[in-house]
Every structure is written in C-alpha cells, then in structure tokens.
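In what follows, a structure is listed as structure tokens, so that the remarks can point back to it.
Here the chain labels run A, B, C and D in written order, and each chain numbers its own residues starting at 1.
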Amino acid sequence: MGCVVADLKVRFAGLELRNPFLLASGIWGESGDSLAGAWAAGAGGVVTKSIGSLPRAGYPNPTIETYERWGMLNAMGLPNPGIEEYPREIEVAQRAGATIVGSVFAGDAAEFARLATQMARTGVSAVELNLSCPHAEGFGTEVGGTPEDVEEIVRAVAGAVKIPVIAKITPNTSDPAALAQAAERAGAAAVSAINTLRAIAIDVHLRRPVLSHGIGGLSGAAIKPVGLACVWQIFEKVKIPVIGIGGIMTAEDALQYVMAGARAVEVGTAVAFEGVGVFGRLARELSSLVDDLGYARLEDAVGVAHRSA
Amino acid sequence: MRTVVRVTERVEETPSTVTLRFPFEPAAAPGQFVMAWFPGDDELPMSLSYTTGPSKGITVKAMGDTSRRVQAIRPGSPIGVRGPYGNRFDLTPRHILVVGGGSGAAVLAPAAEAARLGGSSVVVALGATRAPELLFRDRFERMGARVEVATDDGSVGVHGFVTLVADRLLENERFDAVWTCGPEVMMRKVVDAAASRDVPVYCSMERHMKCSLGMCDACALGPFHVCTDGPVFSSELLARVPDFGRFHRDPSGRRVPF
Amino acid sequence: MGCVVADLKVRFAGLELRNPFLLASGIWGESGDSLAGAWAAGAGGVVTKSIGSLPRAGYPNPTIETYERWGMLNAMGLPNPGIEEYPREIEVAQRAGATIVGSVFAGDAAEFARLATQMARTGVSAVELNLSCPHAEGFGTEVGGTPEDVEEIVRAVAGAVKIPVIAKITPNTSDPAALAQAAERAGAAAVSAINTLRAIAIDVHLRRPVLSHGIGGLSGAAIKPVGLACVWQIFEKVKIPVIGIGGIMTAEDALQYVMAGARAVEVGTAVAFEGVGVFGRLARELSSLVDDLGYARLEDAVGVAHRSA
Amino acid sequence: MRTVVRVTERVEETPSTVTLRFPFEPAAAPGQFVMAWFPGDDELPMSLSYTTGPSKGITVKAMGDTSRRVQAIRPGSPIGVRGPYGNRFDLTPRHILVVGGGSGAAVLAPAAEAARLGGSSVVVALGATRAPELLFRDRFERMGARVEVATDDGSVGVHGFVTLVADRLLENERFDAVWTCGPEVMMRKVVDAAASRDVPVYCSMERHMKCSLGMCDACALGPFHVCTDGPVFSSELLARVPDFGRFHRDPSGRRVPF
C-alpha cells in the first residue's frame, strides 16, 4: 500500500463507524468470539446473527450450495441461541471493543418490539430488523414483505427502543423503495438492503433440491447488480441513510454502493470465499481508491452517481 | 462444487463402523474432511480415512440416527461429496505417538500411513469399548506401527481408557509429536499429559458443522472455526481456547458443556 | 457423442417442439434471417424479439454490461421494427421452417390484444406476452407486474386470438406463483419465467450508471438459481405448462429447470457467450444426459424433483 | 469488461477527422474494433486505427452529433473502452489493393502496415471529398505503399470517386486480394469490379451496433452479425447476402435502403 489518506469514517443514524464495512448478519455472528474476530480483522462494525425469542437449530444440512466464486445459496433456517443466551456472546464482543448492531427476527410486531428491547438492553449501538429472510417459515419476508408489514413492525420497535432502528428489507418484491418508505414513515433510523434473493438448486443426478429446505437465498457477486439497483431506487425515495448489502467482494464494489446512495455496507459471502482478512483488505483498498478519485472523505461520494443520471 | 458419486465398496470395519469407498478426484491430505451428503438425509462432516488416489473413503461410526442409516448404504448408492476441507497433519515429526479413541482412528490411520511412508516411526495407542471395536488395528500394524491397545471392558489390552496407555508411553519414550482424535475429554487429557513433558499435541477437533466454509459460525471454537482453521489444532493454539474440553455448541449455537 | 437415444421432443399447450430449447425473446430475434439462423443451429423453436405497435429505436448505448462469464446487464429499451414491418421478418423465418413464437409488448390490455391479433395473423405457433421487462417505461412490469394486471391482459389476449397464449412473468415480485395463477385463471395456455432481474451497474471512475437508462435487467448464470425457484413455486400452484428461462448454459441447467417443473426452456445470454452453436450442443448433451439418467423421454423428468421434496 | 482509460493524445488528421490515443492493453489485430463510450454521450463502434503496443487509437470522422462532440475530446478526458471485437484482415496475400473512402482508411491503415511488415506489397486507392480530407495519405506513403488518390472536387488526383482509381488498378495489375472500407455503395462497386477479374475482396462492413456480442441482432447482415462474424467479410460470403449494398437496418431493426 502506498499512502493511505482518505477518511473512511462514516457517521449516520447516530452511529459512527471507523470504516463503512460491517460484518453482515448471519456470517460469523453466532458466537461472541467470532464477532470479536471480525472486529479485530478490521470490520467497521459487526451485525450479529439474527436472534429470535427461542433457541433454534435451523434446518438440517445441506444448508449451503456454492456457485464457483460468484454465488452462494443458503437456507440455514435462522439458527440462533435465542435472546436469553445471546447476551453473553455480545458481552465477549463488547469486551473486544467492537461496534455492534444487534439483529433480530420475529413472527409479529409485538415479538419484534420485545426482542429489540432485550437486544437494546445488552448495550448494542443499533438494532437491525430482519424483515427479509426469504426462506424462514413464519419469519422474514413472510412477516415483513409488504409496506404495511414493514410499517407496523418498525413502528412497534421504534416506539420501544431508544437506539437506532435499521430495517433490513427484501429484494424479493416489486418495489423495494416502497418498503424503505414504509420504514422511514414508521421511524426507522436507516434501512439496509439487500437480503438474499429467493432461489433454489436442483441436483439432476439425485432428482431433488440440494438444500434440505428446498428454497434458499442467493448471495454473493451474482446479486450485486440487484442490490445496487435496490439501493439506487431507495436512495431516490427516502431521506434516511441506506446501508448497502449484496455481493461486495472489492473496494470498487463498495464504492459502487456508496455512489448509488449507501453510507455504509455489509459484507457477507466474501468472508466465505476469502476469509475474515477481507475486512482489512477492503478498508485499505477503499481508502486508496477514494483518494485516487480525489475525494477527501468517503462520505463525499455518497449518492454522487445520481447527479449524472 | 458438490459431486455426486456412487459408493463402490462397503467394508464393515468393526461391529459399529463401516467404511464407504467412492471415486473422488480432488487431491486430499490426511487430516482433511469432506461434507458427505446422504440424499434424503443429513449432510455430515466426515474425515477422509483414505486420502490417496482417485478412490477416497470415509469411515462412519454408528452414533445417532443418520450415521446408523448411513451404515446401511450399499455399493451403487449415490452420495454427495464436497471438499476436501480443512488443514492437515504436519508430517515432519520423526517419532510420533498416535492416540485414537472410538472413530478417531478414521482420520489417524491415513496420517500415520503417510508418516510411515515418509520414514517416521509411529506408536499407536488405540482404544475402544471392547476388542472387536478396535478400529484399523490391522491397518496400523500393516504399516509397521507399534500398536498398544486399551478396552473399556478389558477384553484385550489395558483395561480402561486409552489415556492410560498414552500416559505410560509418554513417560517411557521421547516423542516429537502426539496426534490424537477421539472424545474431546480424552484429547484434553492427552494434551495435559503431553504438556508436562513438553511434547506438542495435534488434536483433530469436532464441532457441529453446516457450511464448512468458515462462514456460518456453527463450528466456532473460541476464536477459531474448526472447518477452516482446523480440524487439526496444536496444543499451543488450544491453550488459547477456553472452550477446549469444556463446552461445544449445539446446532443453535448454544454452549453445551461436555 | 456416443449413442444419443433419449427423446427430446416436447408437446404442450398445442405446441410440438423438436427439442425443449427455444431461442429467448430479445436475442437474435429482430431479423428473420437471425431467427432462421437460430433454427438452423438446432433450436427447438424461436421466440421473436418483443414487438410493439410502433417502431422503437430503444435506448441509446451503452445498453449492455457483462460480468465475466456469469452475468449480463442490459437495457435495450425494447427496440423493434414495429408490428407493421415485422411480418416480413417472420416470413423469412417461416420459409426456413422454424417453429415460431411471436412475442409482443404493449401499454395496456387492449393494445396487447390488438398486437397479438396482428401477430397471430402472421401464422406464428403461439404468442408470448412480455409482462416482465424490468426497464421499459410504460411497458413490461409497469403494466404486467401485479396479478390483477396479468389477469386483465391475458384475458383480453386469450379472448382475441386462437393460438396459445404464453404469459412471460417477472421475477421482480414477492410472489411469482400468484402472477402465474392469474395468467392461468385468465386463459393462458402456458407461462414462461423468468425475465431479467432489475439491476444496475455503476462505474466508480465515471461516477455514473453504465447503461444510458440506468436501471437494466440482469441475465445469465447469475439468475439461474432465481429462475429455478420461480419455476419451482409456479409448478406447485398451476396446472398449465411452464417454460423455464434464466441462465441456461448447459444441458444440466436445462434439466434442473425440467425437474423443477418446466416443459421447455428458453436460452438467451448463452448465445452471447458461446454463439448460436450453443443450441446444437445443448440438444446433443441433454439427450445423452437424459439417457444416462435412465429416462426414455425428457418429458418423463418434468417436475420429478418435487416428489422428493 | 469495460475499461475506463484517459485519452493521452489527440491528433487532427484532417479537417473532419480526429485520432484519439489511449492506453489499452488487450491484444488487437487490424480489422478489429472497440466499443468506445463517451461518458454522458453515446457508445459507438470504432475501428482501431492503431492496433499494436499498449497505446491504441481510434480515428473518428465527424458524422452526426456524437462524433462531432467526440472530436472536441481533449487529452486527459476519460472514455470507456470494451473489446477488441470482431475478426481481422487475413495478412497472407502478397500483393494487395487497398481501397479506402471517407473514414475507411482508419481500419485500412493498420492492416496495410501489418501487411507491409510481413513483406507484402500494397497499392492504395484513397478517396475523399477534397484534398485535405485524404485520411492517412502520409501514413500509407511512409509504410512504403504506392498511393493513388481521387477527390470528389478534383482538387488532387483523379476527379471523381475512388472506384475509378480502383477499377483502373484492377485492370492493369494482378492483385491477390482487395481490402476495402468506406460507404457500402462504394464497396459494392469494388466487389463487382474485382469479381469480373476473380480477385477476392475483403470488406470492412458497418451496421448499427449495440451489444457487439452477437446477441441483440442490431447489426444483422443477412444471416450474419457484423460484430461477431465480421466486420471483415469476403466477397464470397457477401454474395450470399442480399442486403449487401442494398439496405441496412436502423436502430429499431427496420430495413433502410442505401
């Protein structure tokens, strides 16, 4: 690395991140040691695995399929230790000094509010609502897939907690911006997009779906153009900050999200393909790239691609 | 990245252990594992008990429901295989103590074979519940390793845990390294015994696995992931892991004491 | 090739195709010679470019972006010679003996019915309704993105023409099966899925979207898992035949669609990456594969993956 | 697959023609073209007028709105480049007649250069509206080609179309091949003139282009696509194309007579 000068700090929704790269929910986030590890590797912050009211084992294996380096399919089934057990994991990450966003999932608005309240009590910096898992029966898009659902859930949570509420919305919709607008109306401090795309893998030799759950969610490079479009469309319709997610593998990918309107990004599948060292590399490379392009601060690039469009 | 292969051979190694052989081209090293999918059933991490050539193998012990059903698999049946994953045993030590309990010999046998081929000497402490359950005893002997056994019921060898045998061997001989695989409480004892004699131990660890890609966090072992940082961990690294020998995590990520 | 014995013929919705591989709409389909060329290369049938009432130049360049070999983004903007000019192109393909499906797009149900009627007059074997272009202002998903829209349009067309009506539906929706059910209710003979996924590409050096239209549609291998999930879900909800589309590059991809429930498939982006020779290769390889798996006829494999799920 | 590069050099070749040079690594051959995107404006197919080394070039004639704006581009400005696309001139003929009209010389010059380097002899029939518009006349002479010119206004060389020059050359000399690029009606005449003397002609064709990947059908030329089957077509192939010299297609795909 040559001289790295560009300022990658981002401030939004009451959060201050040392760089825009958050560990995405569901990756390395079930245990406190792993959250701490992602932070130590250079993540700007970490989002926990989505936590529910009760412990869940998730779906049986197979839960994962990969497509070369460009895609991954998963149906984990929201495994998590449950909100009673989880605070001890958060504590481990807190001792390591990590900036933590607590992710929760629930079956209705009241349960979301209850969970978010418990999550807030652990001292996390913000709470992210998983309104968007495409393969969890009774959760995810099944309860948070319409603007009405999003509005009701976010309103309940925003009324219950003092920390910023981030609504994580689905790309499996005709109008992602409408979901973001609903979240904004209901008091969300930010929206994050996208979760995985509803997808499936079939094995022709075995004549069956590969994943035990059948339907899963597609992540990785393949979904970057889709995530970018969601962020692009959301940015044009809401004033609250947007967190971009989907297929970020390089600093350039991240900057594409920023120029489309994101203030921060989350990184998931890249951790599987490259290891957690990806966070250090992304931060270094983004700093150079932002500098090369003549920006003093990353924040100056937020949404700039809209000006020429 | 998942290959569907057909089982070519099925060998009943012991009353509760079956080896399945299948064509699988990717290069593999002793210590590595695959995710073996038994269609219509679970996908499980399985050490490669045969790592060389185009015909690989896994050796499955009847533990729970799936592994019991797996044992009924016949030649010709399709299984899904992805991998190999994980790290490998370092083959440079010249005099090696191998301590295997239960199905642990599955991963230790190919490692010991490779070490013997490289000219190292190998002593094996092999444990089982009873004599017929001693896994790969012949195989260890055929490769020219000295084998000392222990059985819970005393039907052959030392009456009691294999750690008794390991302790005695560590006391009487100077080993460059210890390789072990078996119940974690057993491995913890081996590590403690070797530590006092300053011999490094390499443990093949098990945790619940889902992705095996270092992503889902199911296999978290302190700051490590067994699927990508392991499964072979040195006693030096394990010293930094409070979980070791104390708790593992169930599929929900909850801590479960041993 | 060894012995190729499996029968690839497919019969559905009054169509009989020599093999299941149709040229997808928008690829090689603006001129009659190209339609004839795809047929000569071995396609089981050809779908025309989507034709509108008037000639359209489409959007200015750039209209295309590619992602290595796994994806492509386009916003052509529905260029087409218009329904008055187009019959002479169809005639060229007809003289070559091609089985032709005429694709049309329109701004409302009445225009769809009018266009389909004109298209039917050319003697095409079926008409496919483009209800699903994600980047055409006033067309595509903007008029055919909800079950109500689909039902109204399909009903108008099915009442106006005698040839089979195929409704091509969008994946940019929360519930693709609901769109297919609407098409079925309204008298569609088949549904085809999927069209492209709404997506965008940003160039960070130029700080702008790459395509002149900004938003475009993602196609190619990247969308195969999504297309398969749509076909899977549609197959469980409708009785009419399904045509699978999206990212088919190999015979195995095609068979995945068939096992998920498709009776035929359309191939688009593969033509750009491999050339039109892809049709001959796919048919040869699928015949062997189907044979290897022990099926006498491809049709025996339709939907089989649902039995084990 | 699109690279954003900065223009390093701008050369006014003639009053209506400008060359832009830029760093672009991919290997290219004479005859090939790139899709050149002028950000905020159109993306256009442009033959590479400089094909060797890391610094490539395009030579743009003021035709419509975009190409006029392109001419104003200064060194330092970014352009998007993808390619190179298409086929190339076959360099094996030993005695070659090059017939260029308008901006056609842009693609013919690097081809002639390569042929000369390979030891072939080259005669160039170069046409333009008037003397200062003769593109690359010096470049052809520097490479050791014999150049004969024609201008519409008779300001230099033969008064009239370049096809007059070509006709005369074909009558007096035995060429192994003719390479031509220019207005299609001109190329059609060259093909007809050469046909009667049994000399193969290679035409660099133009059609409206969008994808340049052989997919969108915009550049259809009979059963061919100019972007992938061309842009260089032999007179033998063109004999099978009724469109040739008769009609092209506008961006909507409608046939437009020449």
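Assume a contact is a pair of C-beta atoms (placed from the backbone, for glycine too) under 8 Å apart; a residue touches a chain by one contact, two chains touch by 3 or more.
Keep in mind it's a predicted model, so treat the numbers as computed, not measured.
Between chain B and chain C, the least number of touch steps comes to 2. Inter-chain spacing, taken between the CA centroids of chain A and chain D, is 51 Å. Computed from the mean C-alpha positions, the centre of chain A lies at a distance of 37 Å from the centre of chain B. Between the CA-based centres of chain A and chain C the separation comes to 33 Å, rounded to the whole angstrom.
Of all residues in chain B, those touching 2 or more other chains are 40, listed in ascending order. Residue positions 68, 205-206, 208, 308 of chain A are each in touch with at least two other chains. Taken pairwise by the contact criterion, the protein chains link up end to end in a single open path, with no chain closing the loop.
Chain pairs that touch one another are A-B, A-C, C-D.
Those residues of chain A whose C-beta lies close enough to touch chain C in the complex are 67-68, 70-71, 73, 141, 145-146, 170, 172-174, 197-202, 204-209, 214-215, 218, 221-223, 225-226, 228-229, 232-233, 252, 255-256, 259-260, 289, 293, 301, 304-305, 307-309.
Within the complex formed with chain C, the chain D residues making contact are 1-2, 4, 35, 37, 39-40, 42-44, 78, 80, 209-218, 220, 222-223, 225, 228, 249-255. For chain A in complex with chain B, the touching residues are 26-31, 33-34, 36-37, 49, 55-58, 60-66, 68, 74, 76, 79-82, 85, 89, 203, 205-206, 208, 210, 268-269, 271-272, 275-276.
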